[in-house]
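Below are two complexes that have chain A in common, paired first with chain B and then with chain C.
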Partner chain A sequence: MQDMKLDGNAIGGLLREIFAMEMTTAVGTCAHCGAVNEVGRVAVYIHAPGTVVRCPDCEQVLMRVVRGKGRYWVDLTGVRCLELAEPEV
Partner chain B sequence: MGFVSRGFKGRRRDTASSSRVPPGQYVVTDFPVLSAGPTPRVNLDQWTFTIEGEIDEPRRWTWKEFQALPAETVTKDIHCVTKWSKLDTTWKGVSVDALMEGVETAADFTTVFSDGGYTTNLALDDITGGKAWVVYEFDGQPLHPEHGGPVRFLVPHLYFWKSAKWVRGIRLQKDEHPGFWESNGYHVRGDPWREQRYWGD
Partner chain C sequence: MARAALLGRLEWQFGTLAEVVPETPRVSSLYLDVPDWQGHLAGQHVDVRLTADDGYQAERSYSIASAPEDHRLALTVERLEDGEVSPYLVGELRIGDRLELRGPIGGYFVWRGDEQRPLLLVGGGSGVVPLMSMLRHRAHVGNRAPARLLFSSRTLADVIYREELERLAASALGLQVLHTLTREKPAGWTGYTRRVDEAMLREVAWPRQDAPDVFVCGPTPFVEAVASLLVGMGHDARSIKTERFGATGG
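Let's look at the complex of A and B:
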């Protein structure tokens, strides 16, 4: 069955707009199952009213991003911790 | 050389010119698939539809019982918040009025919930009075899983994210609890004729 699932590289551009840094190499902890995954490896659904990012292990929602009217709405409640590299100076 | 044309600007989108197309929408003839997650595998032997919450005894139907309920076939225009509209779509299913017949409730609000965890909030007034159905056929065929089969919600007068795919029940509530999209930027009601797309619209 077709699932329209993409990987985290599909949201590299979107997350860079929001966080103003490379995010696909950031590492997130799933708030539901505790799995630790690089953002580039997560499951992404973009054919929807917003972007839905799911844990590749338990399929629960990690992030939701809605863009409209020149604004972003970002829900990160599914990510317990986000670990990212400090930008090189 | 002579005559210079003004240039063809591309096919004009069918927008508000039609009285059937809400502002900012264009008409499609295909049926785009939108999904916030994986398509659930639904075992019809274990499938139930439930009305719960502000009700004395929850009402629950098995697949067989649900199929035995009086069905209606309705033809409606649908409007997705991603700006496509599809006219004259035909669905078969059970009206929410039939499911709610005889129910006494203190609820003014509902949450419609689905397999996979999707939810959407709807005022009770928006799903009763001949305005919403729980449907299992599209265009004379069993509803395909990618379009929400075996059973999806249909509330065509609101943006189509309210017509939850893979629906499993209705929770009756005294208070409004914004759903999956409504809690993250999308409008709590979503009337396409008022272009209620986002928070603050």
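Let's look at the complex of A and C:
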């Protein structure tokens, strides 16, 4: 499904629904290979209602998000650490 | 305003279509009045949502074409015949109609306008849209750091913003616009006539020691080809900001 490949920019809206802040500039560490990437750089595969996010370096799954029936399911197993800026007040 | 554009919950809101500017036979710019628009940064996008009478909803992302300084929000949309959303936006939506959207979204593929490093923009087809927001913003703020746009289109008739890009290149300081056409070689054409390749990038891009800010936007295969060529030429992958348009668009 190479033609379905997008990047983290494409889920900026979805992630902001969940985290209530801009997440494409957040930095995630891959639990598989340790690569550190901004969310805007990660590989994204959208197959509604699910979204699969993969590490751009090792292609392992970082995150899965499913939205439906008024709920979100967020699997972050593949993200060892997520670093984001504190909102300025 | 810039900070507000990065924070807070996203609320769906309505814009009203005020003007339509055809850019090419398949691409139009939609100028929207959006009450309470919080402002945006060059490179950000909005999500657009259409709701059918039976409640079915389709959602797509569209890059913002206007500069933060412009008083109307502009989206430039390519009509994809088998798309769910774009044939409505380009063809059905009329002046005065309301359009549901939320945004601005994105912080990664953003150029703020105060950078003094050279700016290299590489766009394929409608991937030029967020780059145009950056160039319009650059002209507004009077940024004089050198900038180059390498723009790949299929034919001359498919070149989005052609006249405005000519005007910008003639008036905005330090901006060069270079075109390549992949499916046509018009008589008298002095630009490139092939897909973006390493030889072209070596002519257009600054060497890596000049540390340019690089933004690449277009269909996924275009973006991946350009980004890997630049990395192969020694550019730091992390200095290359990319945004992919996929086959899920439309």
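Simple rule for what comes next: the second predicted complex is superposed on the first by the 84 of 89 C-alpha atoms of A that agree within 3 Å, B and C clash if a C-alpha of one lies under 4 Å from a C-alpha of the other, contacts with A are read in each partner's own complex, and residues count from 1 in each chain.
The rule is short, and it goes like this: a residue touches a chain if its C-beta (ideal position, glycine included) is under 8 Å from a C-beta of that chain, and two chains touch if they have at least 3 such contacts.
A quick note: this is a predicted structure, and the numbers were derived from the prediction, not measured.
Q: In the overlay, answer first, second, both or neither for which of chain B and chain C A:Leu62 touches.
A: The answer is neither, since A:Leu62 touches no partner chain.
Q: Look at A:Val53 in the shared chain and tell me whether it touches chain B only, chain C only, both, or neither; answer first, second, both or neither.
A: Neither partner.
Q: Identify the partner contact of A:Trp73: answer first if only chain B is touched, second if only chain C is, both if each is, neither if none is.
A: After superposition on chain A, A:Trp73 lies in contact with chain B alone.
Q: Using the superposition on chain A described above, determine whether A:Glu88 touches chain B (first), chain C (second), both, or neither.
A: After superposition on chain A, A:Glu88 lies in contact with chain C alone.
Q: In the overlay, answer first, second, both or neither for which of chain B and chain C A:Thr25 touches.
A: A:Thr25 contacts chain C only, not chain B.
Q: I'd like to know which partner A:Glu38 touches here: chain B for first, chain C for second, both or neither.
A: Only chain C is touched by A:Glu38; chain B is not.
Q: Using the touch definition from the top, say if A:Lys5 reaches chain B (first), chain C (second), both or neither.
A: Both chain B and chain C are touched by A:Lys5.
Q: Just to be sure I follow: which residues of chain A are touched by chain B in one complex and then by chain C in the other one?
A: Residues 2-5, which sit in both footprints.
Q: Spell out the residues on chain B that touch chain A in their complex, using ranges where they run on.
A: Checking each residue of chain B against chain A gives 32-39, 80-82, 117, 145-146, 161, 180-181, 183-186, 197-201.
Q: Inside the complex, what are the residues of chain A that reach chain B?
A: Chain A reaches chain B through residues 1-5, 43, 45, 47-50, 52, 54, 59-61, 64, 66, 68-69, 71, 73, 75.
Q: Name, in rising order, each residue of chain C that touches chain A in their complex.
A: 3, 6-10, 45, 47, 61, 102-103, 105-109, 220, 238, 241-248
Q: Give every residue of chain A touching chain C within the complex, in rising order.
A: Its residues touching chain C are 2-10, 12-13, 16-17, 20-22, 24-25, 38-41, 46, 87-88.
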